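There are two complexes below, and they share subunit A, which is joined by subunit B in the first and by subunit C in the second.
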Partner chain A sequence: MGKKAQKTPEQKSYQQLEQQHETKRPVLKNCLRAFWVGGLFCIVGQAISLFYIYFFNFTEQTSGNPTVATMVFIAMLLTGFGVYDRIGQYAGAGSAVPVTGFGNAVISASIEHRTEGFVLGVGGNMFKLAGSVLLFGVFSAFVIALIKTILIRWGVI
Partner chain B sequence: MLPMFFWAFVVGGLICVAGQICFDIFKLTPGHTLSLFVVIGAVLDGLGLYEPLADFAGAGATIPITSFGNSLVHGAMQEAEQHGLVGVLTGMFEVTSSGISAAIVFGFIGALLFKPKG
Partner chain C sequence: MKKIIFFCFFIVTMSGCSHHDSKNSPMSLIREIHPTPAIIGSKESDDIDMLNKVKKDVEDMEELFDVAVIKGEKEILVAYKVKHLQRFHMVKIEEKLNKMLEEDYPDEDFIVSSDFKIFLEAVELHDKMEEDKDYSEEKAQKKFDKIIKLKKEMT
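After this line comes the complex of A and B, so read on.
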(Lines of atoms letter the chains of each structure in order from A and count residues from 1; the text may use other names and numbers.)
(Lines give C-alpha, C1' and ligand atoms only; values in the text may rest on other atoms or scores of the structure.)
Protein backbone atom coordinates (compact mmCIF):
# COMPACT_ATOMS: atom_id res chain seq x y z
CA MET A 1 0.00 0.00 0.00
CA GLY A 2 1.76 3.15 -1.19
CA LYS A 3 0.76 6.77 -1.33
CA LYS A 4 -2.60 7.00 -3.00
CA ALA A 5 -2.23 10.61 -4.15
CA GLN A 6 0.63 9.88 -6.53
CA LYS A 7 -1.20 7.37 -8.70
CA THR A 8 -1.47 7.94 -12.42
CA PRO A 9 -4.87 7.52 -14.20
CA GLU A 10 -3.67 4.23 -15.64
CA GLN A 11 -2.90 2.95 -12.18
CA LYS A 12 -6.31 4.05 -10.96
CA SER A 13 -8.15 2.29 -13.75
CA TYR A 14 -6.05 -0.79 -13.16
CA GLN A 15 -6.93 -0.67 -9.51
CA GLN A 16 -10.62 -0.57 -10.40
CA LEU A 17 -10.14 -3.54 -12.70
CA GLU A 18 -8.32 -5.32 -9.94
CA GLN A 19 -11.15 -4.70 -7.51
CA GLN A 20 -13.70 -6.05 -9.96
CA HIS A 21 -11.82 -9.30 -10.34
CA GLU A 22 -10.93 -9.72 -6.71
CA THR A 23 -12.58 -12.80 -5.27
CA LYS A 24 -14.99 -11.95 -2.49
CA ARG A 25 -13.90 -13.51 0.75
CA PRO A 26 -16.59 -15.77 2.22
CA VAL A 27 -16.50 -13.95 5.56
CA LEU A 28 -19.33 -15.83 7.26
CA LYS A 29 -18.03 -19.26 6.30
CA ASN A 30 -14.52 -18.32 7.40
CA CYS A 31 -15.84 -17.05 10.72
CA LEU A 32 -17.79 -20.24 11.37
CA ARG A 33 -14.72 -22.35 10.58
CA ALA A 34 -12.53 -20.16 12.79
CA PHE A 35 -15.12 -20.43 15.55
CA TRP A 36 -15.36 -24.18 15.79
CA VAL A 37 -11.70 -24.96 15.19
CA GLY A 38 -10.60 -22.25 17.64
CA GLY A 39 -13.17 -23.48 20.13
CA LEU A 40 -11.89 -27.03 19.70
CA PHE A 41 -8.33 -25.94 20.50
CA CYS A 42 -9.65 -24.33 23.67
CA ILE A 43 -11.54 -27.50 24.64
CA VAL A 44 -8.33 -29.50 24.20
CA GLY A 45 -6.57 -26.88 26.34
CA GLN A 46 -9.28 -27.14 28.98
CA ALA A 47 -8.92 -30.92 29.07
CA ILE A 48 -5.12 -30.64 29.41
CA SER A 49 -5.42 -28.09 32.23
CA LEU A 50 -7.88 -30.34 34.09
CA PHE A 51 -5.38 -33.17 33.66
CA TYR A 52 -2.68 -31.02 35.29
CA ILE A 53 -5.03 -29.94 38.08
CA TYR A 54 -6.00 -33.50 38.99
CA PHE A 55 -2.72 -35.34 38.55
CA PHE A 56 0.04 -32.78 39.19
CA ASN A 57 -1.51 -30.59 41.92
CA PHE A 58 -1.67 -27.39 39.90
CA THR A 59 -4.35 -24.91 40.87
CA GLU A 60 -6.76 -23.36 38.43
CA GLN A 61 -4.61 -20.22 38.30
CA THR A 62 -1.26 -21.96 37.73
CA SER A 63 -2.48 -24.71 35.39
CA GLY A 64 -2.29 -22.29 32.46
CA ASN A 65 1.52 -22.56 32.30
CA PRO A 66 1.97 -26.31 31.74
CA THR A 67 -1.10 -26.27 29.49
CA VAL A 68 0.48 -23.69 27.19
CA ALA A 69 3.71 -25.70 27.10
CA THR A 70 1.81 -28.87 26.21
CA MET A 71 -0.14 -27.07 23.50
CA VAL A 72 3.13 -25.81 22.01
CA PHE A 73 4.43 -29.40 22.07
CA ILE A 74 1.31 -30.54 20.19
CA ALA A 75 1.86 -27.68 17.76
CA MET A 76 5.40 -28.97 17.17
CA LEU A 77 4.14 -32.42 16.20
CA LEU A 78 1.36 -31.04 14.01
CA THR A 79 3.73 -28.60 12.31
CA GLY A 80 6.43 -31.20 11.78
CA PHE A 81 4.07 -33.64 10.10
CA GLY A 82 2.62 -30.86 7.96
CA VAL A 83 -0.85 -31.11 9.46
CA TYR A 84 -0.92 -27.60 10.91
CA ASP A 85 -0.69 -25.96 7.49
CA ARG A 86 -3.79 -27.85 6.41
CA ILE A 87 -5.67 -26.82 9.53
CA GLY A 88 -4.53 -23.26 8.90
CA GLN A 89 -5.86 -23.28 5.35
CA TYR A 90 -9.20 -24.53 6.56
CA ALA A 91 -9.61 -22.54 9.76
CA GLY A 92 -7.72 -19.28 9.22
CA ALA A 93 -7.68 -17.38 12.49
CA GLY A 94 -9.05 -20.46 14.28
CA SER A 95 -5.57 -21.95 14.10
CA ALA A 96 -3.56 -18.72 14.30
CA VAL A 97 -5.06 -17.08 17.39
CA PRO A 98 -4.69 -19.96 19.89
CA VAL A 99 -1.23 -20.29 21.43
CA THR A 100 -0.57 -23.24 19.10
CA GLY A 101 -0.42 -20.65 16.30
CA PHE A 102 2.41 -18.90 18.12
CA GLY A 103 4.14 -22.28 18.53
CA ASN A 104 3.56 -23.05 14.88
CA ALA A 105 5.10 -19.71 13.83
CA VAL A 106 8.27 -20.38 15.84
CA ILE A 107 8.57 -24.04 14.91
CA SER A 108 7.81 -23.72 11.20
CA ALA A 109 10.37 -20.88 10.93
CA SER A 110 13.02 -23.00 12.62
CA ILE A 111 12.30 -26.07 10.50
CA GLU A 112 12.25 -23.99 7.33
CA HIS A 113 15.66 -22.42 7.96
CA ARG A 114 17.49 -25.53 9.16
CA THR A 115 19.14 -25.91 5.75
CA GLU A 116 21.04 -22.67 6.50
CA GLY A 117 22.61 -24.30 9.54
CA PHE A 118 21.68 -24.44 13.17
CA VAL A 119 23.33 -21.23 14.36
CA LEU A 120 22.56 -18.75 11.61
CA GLY A 121 19.55 -20.56 10.15
CA VAL A 122 17.54 -21.96 13.05
CA GLY A 123 18.87 -19.65 15.74
CA GLY A 124 18.68 -16.50 13.69
CA ASN A 125 15.28 -17.05 12.13
CA MET A 126 13.40 -18.79 14.90
CA PHE A 127 11.48 -15.65 15.92
CA LYS A 128 11.18 -14.23 12.43
CA LEU A 129 7.40 -14.52 12.45
CA ALA A 130 6.67 -14.61 16.16
CA GLY A 131 9.03 -11.77 17.03
CA SER A 132 6.41 -9.09 16.47
CA VAL A 133 4.11 -10.78 18.96
CA LEU A 134 6.91 -10.82 21.52
CA LEU A 135 7.93 -7.23 20.84
CA PHE A 136 4.51 -5.67 21.07
CA GLY A 137 3.43 -7.95 23.91
CA VAL A 138 6.47 -7.12 26.02
CA PHE A 139 6.49 -3.43 25.21
CA SER A 140 2.79 -2.88 25.87
CA ALA A 141 2.99 -4.95 29.04
CA PHE A 142 5.96 -2.83 30.14
CA VAL A 143 4.11 0.44 29.58
CA ILE A 144 0.91 -0.78 31.21
CA ALA A 145 2.64 -2.28 34.23
CA LEU A 146 4.72 0.88 34.62
CA ILE A 147 1.66 3.14 34.56
CA LYS A 148 -0.23 0.87 36.92
CA THR A 149 2.65 0.65 39.38
CA ILE A 150 3.06 4.42 39.43
CA LEU A 151 -0.68 4.90 39.92
CA ILE A 152 -0.66 2.42 42.79
CA ARG A 153 2.32 4.21 44.37
CA TRP A 154 0.47 7.51 44.19
CA GLY A 155 -2.52 5.85 45.74
CA VAL A 156 -4.79 6.59 42.77
CA ILE A 157 -5.96 2.96 42.51
CA MET B 1 -17.21 -29.40 34.72
CA LEU B 2 -19.24 -29.57 31.52
CA PRO B 3 -20.28 -25.88 31.51
CA MET B 4 -16.56 -25.05 31.81
CA PHE B 5 -15.88 -26.90 28.53
CA PHE B 6 -18.86 -25.24 26.91
CA TRP B 7 -17.76 -21.72 27.84
CA ALA B 8 -14.16 -22.49 26.90
CA PHE B 9 -15.43 -23.48 23.46
CA VAL B 10 -17.68 -20.45 23.04
CA VAL B 11 -15.30 -17.79 24.36
CA GLY B 12 -12.25 -19.27 22.63
CA GLY B 13 -14.22 -19.59 19.43
CA LEU B 14 -15.44 -16.00 19.62
CA ILE B 15 -11.90 -14.68 20.11
CA CYS B 16 -10.89 -16.61 16.98
CA VAL B 17 -13.84 -15.14 15.09
CA ALA B 18 -12.65 -11.68 16.11
CA GLY B 19 -9.27 -12.63 14.63
CA GLN B 20 -10.92 -13.87 11.43
CA ILE B 21 -12.82 -10.58 11.14
CA CYS B 22 -9.50 -8.72 11.41
CA PHE B 23 -8.16 -10.92 8.59
CA ASP B 24 -11.14 -10.69 6.25
CA ILE B 25 -12.82 -7.36 6.86
CA PHE B 26 -9.97 -5.12 8.06
CA LYS B 27 -7.49 -6.95 5.77
CA LEU B 28 -4.80 -7.23 8.42
CA THR B 29 -1.99 -9.74 8.06
CA PRO B 30 -1.81 -12.53 10.66
CA GLY B 31 1.26 -10.82 12.13
CA HIS B 32 -0.60 -7.55 12.63
CA THR B 33 -3.65 -9.31 14.03
CA LEU B 34 -1.70 -11.36 16.55
CA SER B 35 0.32 -8.33 17.67
CA LEU B 36 -2.92 -6.40 18.08
CA PHE B 37 -4.42 -9.23 20.12
CA VAL B 38 -1.46 -9.40 22.45
CA VAL B 39 -1.69 -5.67 23.07
CA ILE B 40 -5.46 -5.98 23.67
CA GLY B 41 -4.80 -8.77 26.17
CA ALA B 42 -2.25 -6.61 27.99
CA VAL B 43 -4.64 -3.64 28.10
CA LEU B 44 -7.51 -5.81 29.36
CA ASP B 45 -5.33 -7.12 32.17
CA GLY B 46 -4.21 -3.59 32.98
CA LEU B 47 -7.88 -2.71 33.45
CA GLY B 48 -8.39 -5.85 35.53
CA LEU B 49 -10.83 -7.40 33.08
CA TYR B 50 -8.93 -10.46 31.92
CA GLU B 51 -8.90 -12.37 35.19
CA PRO B 52 -12.72 -12.51 35.49
CA LEU B 53 -12.87 -13.74 31.90
CA ALA B 54 -10.31 -16.47 32.64
CA ASP B 55 -12.22 -17.53 35.75
CA PHE B 56 -15.36 -17.73 33.69
CA ALA B 57 -14.08 -19.34 30.50
CA GLY B 58 -10.98 -21.24 31.67
CA ALA B 59 -8.93 -22.34 28.69
CA GLY B 60 -11.20 -20.29 26.42
CA ALA B 61 -9.33 -17.27 27.75
CA THR B 62 -5.91 -18.77 28.47
CA ILE B 63 -5.32 -20.56 25.15
CA PRO B 64 -5.83 -17.63 22.71
CA ILE B 65 -2.78 -15.42 22.24
CA THR B 66 -4.45 -12.57 24.18
CA SER B 67 -3.53 -14.44 27.35
CA PHE B 68 0.12 -13.88 26.47
CA GLY B 69 -0.25 -10.12 26.91
CA ASN B 70 -2.30 -10.74 30.03
CA SER B 71 0.32 -12.91 31.69
CA LEU B 72 3.16 -10.53 30.75
CA VAL B 73 1.39 -7.72 32.62
CA HIS B 74 0.57 -10.15 35.41
CA GLY B 75 4.18 -11.17 35.95
CA ALA B 76 5.35 -7.57 35.83
CA MET B 77 2.71 -6.47 38.34
CA GLN B 78 3.46 -9.35 40.73
CA GLU B 79 7.11 -8.43 40.90
CA ALA B 80 6.36 -4.70 40.97
CA GLU B 81 4.33 -5.19 44.15
CA GLN B 82 7.41 -6.56 45.88
CA HIS B 83 10.27 -4.59 44.36
CA GLY B 84 8.69 -1.45 42.97
CA LEU B 85 9.47 -0.07 39.54
CA VAL B 86 12.46 -2.37 38.91
CA GLY B 87 10.09 -5.29 39.27
CA VAL B 88 8.31 -4.28 36.08
CA LEU B 89 11.38 -5.39 34.13
CA THR B 90 12.52 -8.29 36.30
CA GLY B 91 9.10 -9.88 36.55
CA MET B 92 8.01 -9.50 32.94
CA PHE B 93 8.49 -13.15 31.93
CA GLU B 94 7.71 -14.63 35.33
CA VAL B 95 4.35 -16.07 34.30
CA THR B 96 4.91 -16.46 30.54
CA SER B 97 8.21 -18.28 30.74
CA SER B 98 6.60 -21.64 29.98
CA GLY B 99 5.16 -20.53 26.64
CA ILE B 100 8.37 -18.89 25.43
CA SER B 101 10.74 -21.58 26.66
CA ALA B 102 8.47 -24.33 25.31
CA ALA B 103 8.39 -22.58 21.93
CA ILE B 104 12.19 -22.27 21.86
CA VAL B 105 12.91 -25.81 23.10
CA PHE B 106 10.33 -27.52 20.92
CA GLY B 107 11.23 -25.30 17.98
CA PHE B 108 14.81 -26.53 18.18
CA ILE B 109 13.76 -30.14 18.69
CA GLY B 110 11.41 -29.76 15.74
CA ALA B 111 14.26 -28.46 13.60
CA LEU B 112 16.38 -31.45 14.65
CA LEU B 113 13.65 -34.01 13.96
CA PHE B 114 11.86 -32.74 10.88
CA LYS B 115 13.13 -31.80 7.45
CA PRO B 116 11.62 -28.89 5.55
CA LYS B 117 9.20 -29.94 2.83
CA GLY B 118 8.82 -28.67 -0.69
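After this line comes the complex of A and C, so read on.
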Protein backbone atom coordinates (compact mmCIF):
# COMPACT_ATOMS: atom_id res chain seq x y z
CA MET A 1 0.00 0.00 0.00
CA GLY A 2 1.60 3.20 -1.17
CA LYS A 3 1.27 5.97 1.31
CA LYS A 4 1.51 8.89 -1.04
CA ALA A 5 -0.41 7.83 -4.08
CA GLN A 6 -3.78 6.96 -2.70
CA LYS A 7 -5.74 9.84 -1.35
CA THR A 8 -9.46 10.01 -1.51
CA PRO A 9 -11.09 13.12 -3.02
CA GLU A 10 -12.31 14.07 0.42
CA GLN A 11 -8.80 14.01 1.79
CA LYS A 12 -7.59 16.18 -1.09
CA SER A 13 -10.27 18.75 -0.66
CA TYR A 14 -9.66 18.79 3.06
CA GLN A 15 -5.97 19.38 2.48
CA GLN A 16 -6.77 22.36 0.31
CA LEU A 17 -9.09 23.73 2.91
CA GLU A 18 -6.46 23.21 5.57
CA GLN A 19 -3.85 25.06 3.56
CA GLN A 20 -6.15 28.01 3.16
CA HIS A 21 -6.72 28.43 6.87
CA GLU A 22 -3.33 27.45 8.15
CA THR A 23 -1.27 30.31 9.56
CA LYS A 24 2.09 30.50 7.83
CA ARG A 25 5.12 29.67 9.92
CA PRO A 26 7.15 32.91 10.19
CA VAL A 27 10.47 31.28 9.37
CA LEU A 28 12.40 34.46 8.67
CA LYS A 29 11.15 36.17 11.80
CA ASN A 30 12.02 33.12 13.91
CA CYS A 31 15.47 33.00 12.39
CA LEU A 32 16.09 36.68 13.11
CA ARG A 33 14.91 36.32 16.69
CA ALA A 34 17.04 33.24 17.23
CA PHE A 35 19.98 35.03 15.70
CA TRP A 36 19.93 38.10 17.86
CA VAL A 37 19.06 36.40 21.14
CA GLY A 38 21.66 33.68 20.51
CA GLY A 39 24.13 36.44 19.73
CA LEU A 40 23.23 38.17 22.97
CA PHE A 41 24.04 34.99 24.88
CA CYS A 42 27.37 34.89 23.11
CA ILE A 43 28.12 38.47 24.16
CA VAL A 44 27.42 37.55 27.77
CA GLY A 45 29.62 34.47 27.37
CA GLN A 46 32.42 36.58 25.92
CA ALA A 47 32.11 39.02 28.80
CA ILE A 48 32.34 36.18 31.31
CA SER A 49 35.34 34.72 29.55
CA LEU A 50 37.07 38.12 29.60
CA PHE A 51 36.16 38.39 33.26
CA TYR A 52 38.00 35.13 33.92
CA ILE A 53 40.97 36.28 31.87
CA TYR A 54 41.20 39.61 33.68
CA PHE A 55 40.66 38.55 37.27
CA PHE A 56 41.88 34.96 37.39
CA ASN A 57 44.77 33.03 35.98
CA PHE A 58 43.03 31.81 32.85
CA THR A 59 44.30 32.26 29.33
CA GLU A 60 42.14 32.45 26.22
CA GLN A 61 42.82 28.73 25.83
CA THR A 62 41.78 27.73 29.31
CA SER A 63 39.00 30.22 30.02
CA GLY A 64 36.53 28.18 27.95
CA ASN A 65 35.71 25.60 30.61
CA PRO A 66 34.81 27.92 33.49
CA THR A 67 32.88 30.14 31.08
CA VAL A 68 30.72 27.24 29.89
CA ALA A 69 30.13 26.14 33.47
CA THR A 70 29.07 29.65 34.47
CA MET A 71 26.75 30.03 31.51
CA VAL A 72 25.05 26.69 32.24
CA PHE A 73 24.72 27.66 35.88
CA ILE A 74 23.11 31.01 35.03
CA ALA A 75 20.70 29.29 32.64
CA MET A 76 19.78 26.85 35.41
CA LEU A 77 19.02 29.70 37.80
CA LEU A 78 16.98 31.53 35.18
CA THR A 79 15.03 28.34 34.46
CA GLY A 80 14.25 27.98 38.12
CA PHE A 81 12.99 31.57 38.30
CA GLY A 82 10.85 30.99 35.22
CA VAL A 83 12.64 33.55 33.12
CA TYR A 84 14.26 31.19 30.69
CA ASP A 85 10.89 29.83 29.50
CA ARG A 86 9.93 33.27 28.33
CA ILE A 87 13.21 33.76 26.55
CA GLY A 88 12.72 30.36 24.96
CA GLN A 89 9.25 31.31 23.84
CA TYR A 90 10.53 34.43 22.18
CA ALA A 91 13.81 33.18 20.75
CA GLY A 92 13.18 29.50 20.02
CA ALA A 93 16.35 27.85 18.79
CA GLY A 94 18.36 30.90 19.80
CA SER A 95 17.99 29.89 23.43
CA ALA A 96 17.96 26.12 22.94
CA VAL A 97 21.01 25.56 20.76
CA PRO A 98 23.68 27.33 22.86
CA VAL A 99 25.05 25.50 25.86
CA THR A 100 22.59 27.35 28.07
CA GLY A 101 19.83 25.21 26.56
CA PHE A 102 21.46 22.24 28.23
CA GLY A 103 21.04 23.75 31.69
CA ASN A 104 17.45 24.59 30.85
CA ALA A 105 16.75 20.99 29.74
CA VAL A 106 18.18 19.55 32.96
CA ILE A 107 16.37 21.85 35.33
CA SER A 108 13.01 21.97 33.58
CA ALA A 109 12.86 18.16 33.56
CA SER A 110 13.69 18.01 37.27
CA ILE A 111 11.09 20.65 38.12
CA GLU A 112 8.50 18.76 36.14
CA HIS A 113 9.09 15.48 37.95
CA ARG A 114 9.71 16.88 41.43
CA THR A 115 6.34 15.63 42.65
CA GLU A 116 7.38 12.03 41.99
CA GLY A 117 10.08 12.15 44.65
CA PHE A 118 13.77 12.84 44.63
CA VAL A 119 15.07 9.45 43.52
CA LEU A 120 12.60 8.21 40.97
CA GLY A 121 11.32 11.66 40.03
CA VAL A 122 14.16 14.15 39.95
CA GLY A 123 17.04 11.68 39.77
CA GLY A 124 15.48 9.43 37.19
CA ASN A 125 14.16 12.12 34.90
CA MET A 126 16.79 14.82 35.19
CA PHE A 127 18.66 13.69 32.09
CA LYS A 128 15.59 12.74 30.11
CA LEU A 129 16.40 15.24 27.40
CA ALA A 130 19.91 16.26 28.40
CA GLY A 131 20.98 12.61 28.40
CA SER A 132 20.83 12.46 24.63
CA VAL A 133 22.90 15.64 24.45
CA LEU A 134 25.55 13.98 26.60
CA LEU A 135 25.42 10.69 24.72
CA PHE A 136 25.70 12.10 21.24
CA GLY A 137 28.08 14.84 22.35
CA VAL A 138 30.50 12.30 23.79
CA PHE A 139 30.06 9.95 20.87
CA SER A 140 30.62 12.59 18.20
CA ALA A 141 33.63 13.91 20.12
CA PHE A 142 35.00 10.36 20.09
CA VAL A 143 34.47 10.04 16.34
CA ILE A 144 36.07 13.42 15.62
CA ALA A 145 39.05 12.57 17.84
CA LEU A 146 39.42 9.28 15.98
CA ILE A 147 39.41 11.04 12.62
CA LYS A 148 41.90 13.62 13.84
CA THR A 149 44.22 10.95 15.24
CA ILE A 150 44.17 9.03 11.97
CA LEU A 151 44.79 12.18 9.94
CA ILE A 152 47.72 13.13 12.17
CA ARG A 153 49.17 9.63 11.83
CA TRP A 154 48.95 9.93 8.07
CA GLY A 155 50.60 13.30 8.26
CA VAL A 156 47.78 15.19 6.59
CA ILE A 157 47.53 17.78 9.36
CA MET B 1 12.95 41.00 31.13
CA LYS B 2 14.21 43.97 33.13
CA LYS B 3 16.16 41.63 35.36
CA ILE B 4 17.89 40.02 32.43
CA ILE B 5 18.90 43.32 30.93
CA PHE B 6 20.18 44.45 34.27
CA PHE B 7 22.11 41.23 34.69
CA CYS B 8 23.77 41.52 31.27
CA PHE B 9 24.63 45.11 32.01
CA PHE B 10 26.10 44.10 35.35
CA ILE B 11 28.34 41.44 33.79
CA VAL B 12 29.57 43.75 31.07
CA THR B 13 30.22 46.55 33.52
CA MET B 14 31.99 44.27 35.97
CA SER B 15 34.35 43.00 33.33
CA GLY B 16 35.33 46.59 32.65
CA CYS B 17 36.57 47.36 36.14
CA SER B 18 39.75 45.79 37.27
CA HIS B 19 42.30 45.81 40.03
CA HIS B 20 45.41 45.69 37.92
CA ASP B 21 47.94 47.95 39.49
CA SER B 22 49.53 49.35 36.37
CA LYS B 23 48.15 52.07 34.21
CA ASN B 24 48.34 50.45 30.79
CA SER B 25 47.35 46.84 31.20
CA PRO B 26 43.64 47.26 31.94
CA MET B 27 43.25 49.27 28.78
CA SER B 28 45.27 46.95 26.59
CA LEU B 29 42.13 45.10 25.54
CA ILE B 30 40.64 48.10 23.85
CA ARG B 31 43.56 50.29 22.92
CA GLU B 32 46.78 49.75 21.10
CA ILE B 33 49.54 50.48 23.57
CA HIS B 34 52.79 49.48 21.83
CA PRO B 35 54.87 48.87 24.96
CA THR B 36 58.59 49.35 24.61
CA PRO B 37 60.61 46.13 24.82
CA ALA B 38 61.51 45.25 28.40
CA ILE B 39 64.58 43.42 29.55
CA ILE B 40 65.15 41.62 32.82
CA GLY B 41 68.68 41.76 34.14
CA SER B 42 71.29 42.93 31.67
CA LYS B 43 71.33 46.54 30.57
CA GLU B 44 73.63 46.07 27.59
CA SER B 45 72.78 48.25 24.65
CA ASP B 46 73.32 45.32 22.25
CA ASP B 47 70.44 43.45 23.82
CA ILE B 48 68.18 46.47 23.80
CA ASP B 49 68.94 47.16 20.15
CA MET B 50 68.27 43.55 19.32
CA LEU B 51 64.92 43.63 21.13
CA ASN B 52 63.93 46.83 19.38
CA LYS B 53 64.74 45.18 16.08
CA VAL B 54 62.70 42.09 17.01
CA LYS B 55 59.77 44.27 17.94
CA LYS B 56 59.97 46.21 14.71
CA ASP B 57 60.24 43.03 12.63
CA VAL B 58 57.23 41.49 14.29
CA GLU B 59 55.18 44.63 14.13
CA ASP B 60 55.86 44.89 10.41
CA MET B 61 53.78 41.79 9.85
CA GLU B 62 50.53 43.12 8.48
CA GLU B 63 48.29 40.64 10.32
CA LEU B 64 49.32 41.95 13.75
CA PHE B 65 48.72 45.27 15.39
CA ASP B 66 50.25 45.30 18.84
CA VAL B 67 53.37 43.60 20.11
CA ALA B 68 54.99 43.26 23.51
CA VAL B 69 58.53 41.91 23.78
CA ILE B 70 60.18 40.89 27.04
CA LYS B 71 63.57 39.29 27.48
CA GLY B 72 64.06 37.05 30.46
CA GLU B 73 67.10 35.07 31.56
CA LYS B 74 66.95 32.57 28.74
CA GLU B 75 63.90 33.10 26.61
CA ILE B 76 62.39 36.08 24.81
CA LEU B 77 58.65 36.37 25.12
CA VAL B 78 56.81 37.81 22.14
CA ALA B 79 53.11 38.49 22.76
CA TYR B 80 51.04 39.92 19.96
CA LYS B 81 47.49 40.78 19.06
CA VAL B 82 46.07 39.58 15.77
CA LYS B 83 43.77 41.76 13.68
CA HIS B 84 40.22 40.62 14.14
CA LEU B 85 39.52 39.39 10.64
CA GLN B 86 42.86 37.56 10.56
CA ARG B 87 42.04 35.51 13.65
CA PHE B 88 40.93 32.65 11.41
CA HIS B 89 44.55 32.22 10.34
CA MET B 90 46.00 32.31 13.83
CA VAL B 91 47.85 28.98 13.53
CA LYS B 92 49.43 29.96 10.23
CA ILE B 93 50.46 33.36 11.58
CA GLU B 94 52.13 31.74 14.57
CA GLU B 95 54.00 29.33 12.30
CA LYS B 96 55.13 32.17 10.06
CA LEU B 97 56.27 34.25 13.01
CA ASN B 98 58.15 31.35 14.56
CA LYS B 99 59.92 30.62 11.29
CA MET B 100 60.83 34.24 10.74
CA LEU B 101 62.24 34.69 14.23
CA GLU B 102 64.19 31.47 14.05
CA GLU B 103 65.77 32.41 10.74
CA ASP B 104 66.64 35.97 11.71
CA TYR B 105 67.79 35.30 15.26
CA PRO B 106 69.12 31.74 15.38
CA ASP B 107 70.90 32.27 18.72
CA GLU B 108 67.85 33.33 20.67
CA ASP B 109 65.10 31.24 22.19
CA PHE B 110 61.66 32.65 21.43
CA ILE B 111 58.27 31.99 22.96
CA VAL B 112 55.47 33.52 20.93
CA SER B 113 51.86 33.80 21.96
CA SER B 114 48.76 35.43 20.56
CA ASP B 115 46.88 34.87 23.80
CA PHE B 116 45.37 37.99 25.27
CA LYS B 117 46.16 36.94 28.83
CA ILE B 118 49.83 36.61 28.01
CA PHE B 119 49.81 40.05 26.44
CA LEU B 120 48.06 41.49 29.47
CA GLU B 121 50.55 39.97 31.89
CA ALA B 122 53.48 41.02 29.74
CA VAL B 123 52.30 44.62 29.71
CA GLU B 124 51.76 44.50 33.45
CA LEU B 125 55.27 43.20 34.04
CA HIS B 126 56.67 45.85 31.70
CA ASP B 127 54.83 48.64 33.52
CA LYS B 128 55.90 47.38 36.92
CA MET B 129 59.53 47.28 35.89
CA GLU B 130 59.32 50.77 34.51
CA GLU B 131 57.31 52.47 37.24
CA ASP B 132 58.38 50.71 40.39
CA LYS B 133 62.06 51.25 41.12
CA ASP B 134 61.98 48.72 43.99
CA TYR B 135 60.76 45.95 41.74
CA SER B 136 63.67 43.56 41.95
CA GLU B 137 65.12 41.41 39.19
CA GLU B 138 64.24 38.21 41.00
CA LYS B 139 60.63 39.26 41.30
CA ALA B 140 60.49 40.17 37.65
CA GLN B 141 62.08 36.89 36.63
CA LYS B 142 59.63 35.03 38.85
CA LYS B 143 56.69 36.73 37.18
CA PHE B 144 58.24 36.09 33.80
CA ASP B 145 58.51 32.38 34.57
CA LYS B 146 54.91 32.42 35.71
CA ILE B 147 53.83 33.88 32.38
CA ILE B 148 55.77 31.19 30.51
CA LYS B 149 54.14 28.52 32.64
CA LEU B 150 50.71 30.02 31.96
CA LYS B 151 51.44 30.00 28.25
CA LYS B 152 52.27 26.30 28.29
CA GLU B 153 49.12 25.38 30.21
CA MET B 154 46.63 23.73 27.92
CA THR B 155 43.48 22.84 29.84
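Miscellaneous remarks
The rule is short, and it goes like this: the second predicted complex is superposed on the first by the 126 of 157 C-alpha atoms of A that agree within 3 Å, B and C clash if a C-alpha of one lies under 4 Å from a C-alpha of the other, contacts with A are read in each partner's own complex, and residues count from 1 in each chain.
Just so it is clear, a contact is a pair of C-beta atoms (placed from the backbone, for glycine too) under 8 Å apart; a residue touches a chain by one contact, two chains touch by 3 or more.
Treat the numbers as computed from the prediction; the structure is a model and nothing was measured.
After overlaying the two complexes on the shared chain, residue contacts for A:Phe136 are found with subunit B alone; subunit C is out of touch. Of the two partner chains placed around the shared chain by superposition, subunit B is the only one that A:Ser110 touches, whereas subunit C remains out of contact.
Looking at the superposed arrangement, the partner reaching more residues of subunit A, out of subunit B and subunit C, is B.
Contacts of A:Ile53 after superposition: subunit C is touched, whereas subunit B is not reached. In the superposition on chain A, A:Val83 makes contact with subunit C only, while subunit B stays out of contact range. In the superposition on chain A, contact is made by A:Phe102 with subunit B only, not with subunit C.
Residue contacts after overlaying the shared chain place A:Asn65 against subunit B and subunit C alike.
Shared interface residues of subunit A, touching subunit B in one complex and subunit C in the other, are 40, 43, 47-48, 50, 60, 65. Residue ranges on subunit A touching subunit C, taken from their complex, read 40, 43-44, 47-48, 50-51, 53-55, 57-63, 65, 74, 78, 83, 86-87.
Within the complex formed with subunit B, the residues of subunit A that make contact are 25, 27, 30-31, 33-43, 45-50, 60, 64-69, 71-73, 75-76, 79-82, 91-94, 96-103, 106-107, 109-115, 118, 122, 126, 129-130, 132-138, 140-142, 144-150, 153.
For subunit C in complex with subunit A, the touching residues are 1, 3-4, 7-8, 11-12, 14-15, 18-20, 26, 29, 115-118, 120, 150-151, 153-155. Across the interface of their complex, subunit A is touched by residues 1, 4-5, 8-25, 30-35, 37-39, 41-43, 45-46, 54-55, 57-60, 62-65, 67-69, 71-73, 76-77, 80, 84-85, 87-89, 92, 95, 97-104, 106-111, 113-117 of subunit B.
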